[in-house]
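One chain, chain A, links the two complexes that follow: it is found with chain B in the first and with chain C in the second.
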Partner chain A sequence: MIGKSATSRKILLLAPLLLFLGLAYAVPFFGVVRWSFTLPEPGIGQYRAVFTDPLVQSVFIRTLRICLVVTAASLIAAYAIAYVWVRGNSLQRMLAEFCILVPFWISVLTRAFGWLAMLSNRGLINTWLQSAGIISEPLALARNELGVIIGMTHFLIPFAVFPIASAMRSIDERVLLAARGMGASRTRIFWTVFVPLTYGGLIGAALIVFVFALGFFVTPAILGGGRSVMVAELVYLRIFQSPDWGLGAAISVVLVVFIGVLLTLMRRFIKPAHLVG
Partner chain B sequence: MQSSRPGPVILILATAIALFLLMPLIAVVPVSFTPARFLSMPSGTLSLRHYQALIDNPQWGQSILLSLRIGILSSAIATSLATLFGLGIWMFQPRFSALMIGFVLLPLVVPPVVSAMTLYFLMTALSSVNNWIGYDTWLGVALAHAVMITPFAVVLILVALYQVDRRIDLAARGLGANLATRALKIIIPNIKFGIATAALLSFVLSWEEIGVTLFITSVNAITLPRLMWMGLRDNIDPAIAAISVVLIIVTAVILGIRIFIERRGAAQQQ
Partner chain C sequence: MPQSMQLGDSKAAEIKAVSIGKTFGAFHALKNLSLDIGRGEFLTLLGPSGSGKTTFLMILAGFTAPTTGRLMMDGKDITDVPAEDRSYGMVFQGYALFPHLTVEQNIAFPLKVRGRFSAEIKRRVGEMVERVGLVGHERKLPAKLSGGQQQRVALARALVFEPAVLLLDEPFSALDKNLREMMQEEVKRLHQETGTTFVFVTHDQSEALALSSRVAIFNHGELLQVGRPQDVYERPDNRFVAEFLGEVNLLPLDAVKLDGDRAAGQFEDRTIILNKTTRLDGTSAVAAVRPEHMVITTQPATVDSNAITCRVEGATYFGASTKYHLRTSKGTSLAVSMPTAAIAPIAPQTDVWVSWPMNQGFLLPSGS
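Up next, the complex of A and B:
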């Protein structure tokens, strides 16, 4: 044995993963940082571009707008279904769990394709509406911002459900009974006792959804059809279509700094266990 | 519990959301039977031609085998590293635990596109020194996937470890068991269902991974999601609907296995 002391055994267990991620993730990230300062020429020109270029600006603004809408929609939807999952009768609970977990486990590509099958010009909705004679021309539901918002909300609802459901489960039943005993109505208990007790879970859910939405790439690329480009897709396009690695790298660094600050400020609301269902 | 069962308003809302969650998964089924060459609802006749195409076109089979290989290898790497790390954190409760856990969770919270760029940088750097692991190689993809899925494995294993009663480990220690005995005979048997779940979820995540794969492959290492991506971007190929139906069924089966594992785990803990 290399060493019998506790320290060396501790290192033996902890070091492999730390080294693995250090070498395969942290070190290459600094390579990306270096690209952002050196490509195409040394300097901070790319960062100036990130904050002044009108195209990049419009993509950032669109991304923020979509993320806020998606976060709000996911939270409301997640709250309702989490409530049934936590407080319903056993059949309601089982059905809710099924509807939350099945989409969660299905690949993002399959789900994005499913939304194309629903929303595209020859998809389910337009085919039905047309054969029912309600519309004559197909509605533009996909390949635009609406499609992106629908697809992303669908993807992110389960991620919002887990922290909210966990907060709901940890509510002390006696508090609700006390409110009822003092004569509060069901609606009043829900809004003035139940919901405030889940604020922690709601904030955690909002953070997770917002951070995930910010870096979203696959769903906007498929459902936006190139017309509603978000920040992550812009990075992809800068690297593979108009080789401008420096700008792609600079946007990445800005994104990481932004999310790092956000998560550090709000870290007490994030519980890692909520990320995996 | 019975004090506040869901009322009618929330039940209606939740039903609408449940339908919303299932809708796209249901919509792919009719599309997969369309006789047309483009994404459309079948009108009148149904056709199995897109399922036939999955069998006839060898690309699908090849990419499925490749994804299986990559998924098994990367899940094995991620699960072993995460198990060692989790044991280290749990047994020694070292200083800076929170910091170390935060560090290993980075690939989970950093936007996927940034991770993709980072791994793209790594792969091009590796390609310049060897031909085996690097850009557009299956080992390179497995390595990149291992980086991306390890945080999930760590979380699942830590969650399992926190449910273990520390006193059984203290008892083993008091009876003179050394580190290896404690880990192998006491702790690992107690978290074996957690480890199995971590391995399964890691595999599924690698099997589905597209964001990073897109950046680090071009023509050789075409995984199944990569092949689907190619069929989705240009003219939408209804064969994607057929493969999606197959994948939804496979996922449902795997989810069933997971629930079975967890039931066994819960039963054993009682």
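Up next, the complex of A and C:
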């Protein structure tokens, strides 16, 4: 009796969220699904196009390539930051915390333009390298895939830090002491004990970053300069700048299904509580 | 268990701690501690929590640097040698097994660190697995093992590379009583088989007495007494050691006189005679007698014994022994522990004689 009423009270407390998600996401999404099967004529023609159209294919492949590179780069950087955050002295911890939290206060748009100011042909880096005489022609750092990767990695690092730091915190200090006591060098302890004990956090971080990266829109649009279009931007272009709503809708549905599969995998590997540290 | 197996080529080390001190901020964890640990001995560091015994073990292991003092091994100063270069075996509280490695891989770890050939690693790990009775569990992860089995893995991993010293930090604290006694036997056997120097930390006095060749008793960062189990139990230097090692009856004495190797004093109008002990200021002292050294009789005892009259207040039955609670006419309470079969049950409020041989009690300074 008590259990039952407690459960129904919890559902009642969740109701506003469920209502909001239903109205703001589920209903419009079903509209998108309907478009994908009805525009311009009923059928699965648009899905056939998603898997055969060379343009759509190239965007999907580019998206996957960028997401993989961004995931790898974010994990490496996040691992170093998390290590300092968890195992550094109090000053190092404070600095790391600062580096993790500050990006959350700056909008994605501002950060993308910030990177443009750094990376463009007349940006800070190229101007400095040219005036120092190191290069004569500006390096192509922005308005291409490299710029997109730099901007996205910068945005996604903090999200990778939390699960990794959480895994590092749960390592029993005595296990590391034991390894030292047996004569293992610090390098050996790091690679054969410390890193393997954080695999769970690394897998979680990789999935979060990858899933996040798949749907990136603002950063690739600005730093890619229209030359390295990712899936989200392609959907935008199909819906807003062409009459081809059906294809845009079908691409969206495929993306959502793919992300759903990845999230299911993630639930299998780690508990949601570990993702926030 | 194969008899021929020899861990053999390991050389047990001799350790000398000289005036070791350790402070954490304003807290003195260890005060001016000097202690010699003999080659191949089984030394137990015994004390309540916070007494400094674990700090001393961590200093021996090289995980903690002493604030003052030096540490010597076989005549060489090792104070500044880091833990990884001392490479003593160590069994941690909670075992600290590598959770991502199997039993076999855990035991092989110190050998891999030493760059041994894989054939040798395989052979030695196999021997060790057999020695600690883990055959059939080689491929399991630690989480799949019971507490006792994890304990065996920890012991095997600490001994497989034939360390000169094995340090054990409260290794049995998580085990239930039966398993604990089994593991104590096992550790004692491993000590005899390997001949390595064992330094063992515990807060359990019966464990310390049962296992060690010597016991070092710690309190408040000080080393109070070191000696063979019989010596510290039967001839403690002070009241803390006497009471920490087991229950003891304390009888305040007046007009204490020393006479040869005996001391005599007055307890509630009766003369008590005891072995003389070293330290004595003034004429008052305390006679300390273990409950199991006293007997209850209905007649006054023989001339070689001390005897006082008491009234029985109650009894607690422990199976093999029964403990009687008594009180003297002037109100001092006593406990006497006797084999249950030795006397017929005594009803409460019976007046009896309590006696003990003159060479069984010991004299302690009054006060402290």
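Here is the rule we go by: the second predicted complex is superposed on the first by the 255 of 277 C-alpha atoms of A that agree within 3 Å, B and C clash if a C-alpha of one lies under 4 Å from a C-alpha of the other, contacts with A are read in each partner's own complex, and residues count from 1 in each chain.
Note that a residue touches a chain if its C-beta (ideal position, glycine included) is under 8 Å from a C-beta of that chain, and two chains touch if they have at least 3 such contacts.
Computed from a predicted structure; not experimentally measured.
The superposition on chain A brings chain B alongside chain C with room for both. When the shared chain is aligned, chain B and chain C each come close enough to touch A:177.
Counting the residues of chain A that each partner touches, chain B and chain C differ, and the larger count belongs to B.
Between the C-alpha centres of chain B and chain C, as seen from that of chain A in the superposed arrangement, lies an angle of 90 degrees, given as a multiple of 10.
By the document's definition of touching, of the two partners only chain B reaches A:122; chain C does not.
Once chain A of one complex is fitted onto chain A of the other, the partner contacts of A:185 are limited to chain C, with no touch recorded for chain B. Within the superposed three-chain model, A:196 lies in touch with chain C and out of touch with chain B [touch as defined at top].
Contact with chain B, but none with chain C, is seen for A:112 once the two complexes are overlaid on the shared chain.
Of all Cα pairs linking chain B with chain C in the superposition, the shortest spans 8 Å. Overlap of the chain B and chain C interfaces on chain A comprises residues 177, 180. Looking at the complex, you find that chain C touches chain A at residues 61-63, 82-90, 92-94, 96-100, 109-110, 113-114, 157, 161. Residue ranges of chain A in contact with chain B, taken from their complex: 6, 9-10, 12-14, 16-18, 20-21, 24-26, 28-29, 31-32, 35, 77, 80-81, 83-84, 87-89, 92, 95-96, 99-103, 105-118, 120, 122-124, 127, 154, 157, 173, 176-177, 180, 186, 189-190, 194, 211, 214-218, 221-222, 231-233, 235-236, 239-240, 248-249, 252, 255-256, 259, 263, 272-273, 275-276. Of all the residues in chain B, the ones that touch chain A in their complex are 1, 3-7, 10-11, 13-14, 17-18, 20-28, 30-31, 38-41, 81-82, 84-85, 87-89, 91-92, 94, 100-101, 103-122, 125, 143-144, 146-147, 150, 152, 154-156, 158-159, 179, 201, 204, 207-208, 210-211, 214-215, 225, 228-229, 232-233, 236, 240-241, 244, 247-248, 251-252, 254-255.
Those residues of chain A that touch chain C in the shared complex are 172, 174-175, 177-185, 188, 192-193, 196-197, 199.
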